[in-house]
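One chain, chain A, links the two complexes that follow: it is found with chain B in the first and with chain C in the second.
What follows is the complex of A and B.
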């Protein structure tokens, strides 16, 4: 799987990220780094523990990373979740979290495949 | 320094800038502040995220502003938020620029370079201005010094005296400025007096050389001539054709004329006393005496520092202000080391720093100070009026979610003046009922920039009791297109007393005070409303009174009569449903109005049965007339009249039973003789109060 195919698989915008970061090497480096970030785990555990403030921050961080990486799909869902948690819990947060989980899994799977084909 | 809680975001920025700059990273606000506290001067720029754990970007900015770091260390905000609300606050806190996510390598690079370049340029400018001021100052003080030296050359002195007096004067003045406010010694004035001190002896130019340079003691005449130098110097300055209004000339005049005056009035030429002698002249006289003692002169040798100090403090050289002598003692260690050119250079350096700083900030300073004054004034007004009205005033911002309360209100509600995330704060939630909060929040959500006002009554836990408040809220919006909701301001007014009063009056006006039943005055309104709800239903209106009530009163007293009426009222209420209406028409006459489904007679029978019986020793007997809407229609007056006629016919025909109205009774007279609204007064008051609102 190429980097470009990976972006297709996770519904991202490859042209956009390349335009901004200006080097395929950098894009690949950060895509591979994406799964190392612990914000997703923090988001899930904070939602579980009903710590909405922490969940808001974690969701905000995921959104920021996705913006930088042009992970369009996950960016959209994490952005929606962030807004729903901005002033504390709202009922919308529940379905939005499910959407984030689904999109994150999709991205994680695509990145995993990319890693495999790079022999990592 | 890159401050961001996401490792990836930090490393993207580090990668973009790492070729040209050394990058340090901090993963939250607290870490950043800790690093800045220790090694601030090592950094040329901070890239700062807003949303972070521990301490967010605003917290960092506030600390940087408070400590003045932001003046030397530019900050660029990294932000995914747009809209002026998110931009305004950082700018107010001193942020130079923004980089929004997603990062674009070119933009990040350009912004960073620009900002660092701008700050470097400003630093250079600052130095440049300082340099120019220094040059200018140097030139003018040079001219003054040359003038002073001319006198000294004539005097056969080395020229060291003018310089020494100058340094001692400055040291004394700086000491004095710390000790006393009354002389208005800002750095500007200190510098002026110091410079002018060089001219203190210019009058000596008119003193004959034989006297000026005479070794040994002067005769009385010679000394008198010598003494004229202070007046002559002053005259020379006074006769200057130009610059009479220059502060420098005025100060120089004071010094020339009065630098031989003494604090006890025994000096010359005018014999001024105490603080009548300008402080400039006082300081120069001390400096002059000290330097004269410790230098070699034609008529005397050098006196060591300790001895000179002793002589001056003992008053051997005339009296000086005690405060000045204190200052002289304070600077004694410096004087002992010797007054030389080194001190002078240092003092010039100090001056130029002052000047440059002041000049650069002058414009900015006045603008922001005025704004601050205005703000302070507004704040004072706000606090004053808030305290006066006993309203709870509040302000809510969405980012960060935070409510600010006036001090008084916060105290009474048991909250702090600032409550973060109030909508999730259990103490805030406990202030009012959940449904009341929801009502207000719904109203706020449906407010628009065109209709920003909300008014809502609710009960608050206030000062440990439940009280009614009226809340008036104005939602606030940005100037953007479309406007964004930013929060609200508002106040809660205590309307508890007037509301309770209104409720009481309403109760009094519409109810009978003895039995608590609805009174006749409001019965019509209530019954008419009830009929209007379901005009097609079947209704009955029954009027009844107590037979032999007069005898009951006569036999057992009026108190018994009252108890009897209360008992009947209770029975009446018990015999009907809560949706039916029981009325005390007046005296011993009552009215019951109810809706029925099938047969009327059994219902009437049951009610009638429950009313009659034994009350203490009194056998209750009831006469009752009933009108049906099916017979007379649903008009209240018609029903009332018909029931009244039915009752009348019962009364006429032996009492103690009930009867339904029919057309045969239409010629009957009325049973109800005197329907006096017992609570007429209350009704009038209530109506007035309502109209007043």
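What follows is the complex of A and C.
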């Protein structure tokens, strides 16, 4: 799987990210590092612990990373979740979290495949 | 020389034998003589004693008889009436045979007994008339020999006269008995003779009347003296009343004769001792002497012979050894001089490279790359040459086993690069096909003596070049496998294969001996010292490795070296290439596979093809799928369409977009122009180690990055302006750093607001030119941090530009930022152009 195919799989904008980072190498490097970030775990645990403020921050971080990497789909869902949590808990947060989870899994799977095809 | 020695030895033995016989013979003869002389002396001494004893005895006997006679006279004086009866009676009692009165005119008046007559009356009568005592021999009327003892006495005779002496007779046998003259089995016998030689008393077998006659007749020649001279000597001695002793041969045997005068008489005692028995003893002794001499001489001869033979054998053996040593020395000297004159083989190979490369460099002075290439090879060859010369000088050291290995960290890539560089010109000169094969590389860096390893491989290769005809094939293979020595070691296999003239089975057994080269017409014209293989074997042995040789005449040779070398930890500084798809084209499937494996380990996916036609087809297919290969590695020598043609074909369909790189174990200088013309972008030399590929492809990676997305032309450079970046997320930090460093900014990272404040507080005023502030951070958020910085009014730079960087891009967020004291707001994702524009505005 190529990097481009990966972007297709996780529903991101490859051209956009390449335009900003200007190097496929850099893009690949950061994409591969995406899964190392602990914000997603923090989000999940904070939601469970009903620490809405922390959950908001985590969601916000995910959104920021996705913006940087042009992971359009996950960026959208995490942005929605962020907004739903900005002023504390709202009922929309629960389905939005599920959406984030789903999109994150999709991205993680795509990146995993990319990793595998690189032999890492 | 051998004959001479043999003759000398034989002569010596013979001389020794003769000497031995002579000395012992002389010794035996001399001892015999001495013993016989001693015998004579002993005989003389014995005879002297014997004669004295007999003489004494005779004297005593005569004295005794005379005393009897005196007794008769004293006890029976003439006054007595019947003195004659008394005389007779007394004389009979004393054992006289007869008794008579002797008148002065020499007539006997018998008192009793038969009438006697003196055999030689003259001296007897004379002595009697002179009143002396005397004995004489006489006979009675019966013819019985009597010894007459006379003593002066005066008795009236019948004729009225007075007698002059009284004479008593005793039998000769009595004298004989008393004197033991006639004893049987006695060693000696004696005679009593008169001056004229006539016998008074004879004993033994003497029957003649005269003893001299006896000498005359029984005399046997001895010592050349005649019987006459003996008799004369005897007579002379008798005349002078001297004792006489001599040895003479009588009746066929040696006898000792001794003669002394007897008292009271005109007689002489002759004592004779035959040597007979003594001679037997002496003969036996001398026989024994001879035997002893013979045997000891023989024994000595035998021992000497044995010693000689032993010595001879020893000398012969030594001679043989000497001959062998001489032969060996001559061989060694010949080999050494041959070696000196033929040293060219090992030295000429790198020397040729130097000379050739110098010429090429001179011819291409305007082509710096070419010159550099040449210089690199010259220095490699020079270094090898230096090592080799050192080896030759140290040959003695090597042979005596004192060579040591200089184990150091060695890159196999560098070693093979160097060797390929050295050997290339020779291969080119013979238009041979050369291939370097690499597979299963576990560890590129190992601990080894690189000079020696070079030497081993170069020796194999230069031999392969030498013994392979023009346009033949030579291949160098390197592969590795886990070593049995442990995880720290790797087993390195090095193979040099050719399809040259090969070697005979006999030669294969001694190929590793010094100064050997196969004989035969086909090798004669090939130069060489024959030292290379010996050194090679020694080096591999010293490395605890093994060499295996497989060869067949006319088919080719294969040298296989196996070494267990310690792995060196590789400094693989992030060998990662972009995620390319590449195509590897080589006719060696093994090389393709190992290259693909090596490429994948540095982040490149690759396909491979075995010939040019397939490669072109594959490139086309990918092109049609809009999925072009990023780089194509193309072997130069390919079956059918060669590398250059393939490159031309690909260029024709693809255009110039895709870099095409030629891979080759040959020197590409000669095809470079042609290759460049058809659009080949570069060259990578075999063997293709991972590092070879990485360093060879990296320039294309940089070009690739640049080519793909050119930097905006209005790019600003901030010349290392120091920026403080507060960002809690690693990934975002890294992205920001990567992007902003590119435009000449230097970034310090604060992981949250509080750290940001601290770092700012601790920095020198004016050190940071700006702060890029994330808003959502743990511990202290961006707003609070900004307020804290702005609150440091004591610092001249508390109004430092602070730019918010956040994912929140709503207007109210922006307002909030500005309210907290920030100068501007940038929404994520970070856009370099936007950031640089903003910073440009705030940093003067």
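Details
Definition applied: the second predicted complex is superposed on the first by the 120 of 120 C-alpha atoms of A that agree within 3 Å, B and C clash if a C-alpha of one lies under 4 Å from a C-alpha of the other, contacts with A are read in each partner's own complex, and residues count from 1 in each chain.
We adopt the following convention: contacts are C-beta pairs under 8 Å (C-beta built on N, C-alpha and C of every residue); 3 or more make two chains touch, one makes a residue touch a chain.
Here the structure is a predicted model, which is why all the values come from computation and not from measurement.
Looking at the shared chain after the overlay, A:52 reaches chain B, while chain C stays out of its contact range. By the document's definition of touching, of the two partners only chain B reaches A:87; chain C does not. With both structures placed on the common chain, the touch criterion links A:118 to chain C but leaves chain B unconnected. When both complexes are overlaid on chain A, the residue A:28 reaches chain C alone and has no touch with chain B. Residue contacts after overlaying the shared chain place A:20 against chain B and chain C alike. Contact with both chain B and chain C is seen for A:63 once the two complexes are overlaid on the shared chain. In the superposition on chain A, A:3 makes contact with chain C only, while chain B stays out of contact range. Contacts of chain A with chain B, set against its contacts with chain C after fitting on chain A, overlap at residues 19-22, 26, 30, 33-34, 36-37, 39, 56-57, 60-61, 63-65, 67-70.
Remark: chain B residues 5-9, 11-12, 15-16, 49, 51-53, 80, 101-106, 398-399, 401, 421, 423-424 touch chain A in the complex. Of all the residues in chain C, the ones that touch chain A in their complex are 578-579, 581, 600-601, 603, 605, 701, 705, 708-709, 711, 728-732, 734-735, 738-739, 742, 774, 776, 778, 806-808, 827-832. By the touch criterion stated above, chain A contacts chain C in their complex at residues 2-3, 18-26, 28, 30, 33-34, 36-37, 39, 56-57, 60-61, 63-65, 67-70, 79, 82, 117-119. Here chain A touches chain B in the complex through residues 16-17, 19-22, 26, 29-30, 33-34, 36-37, 39, 52-54, 56-57, 60-61, 63-65, 67-70, 86-89, going by the rule given at the top.
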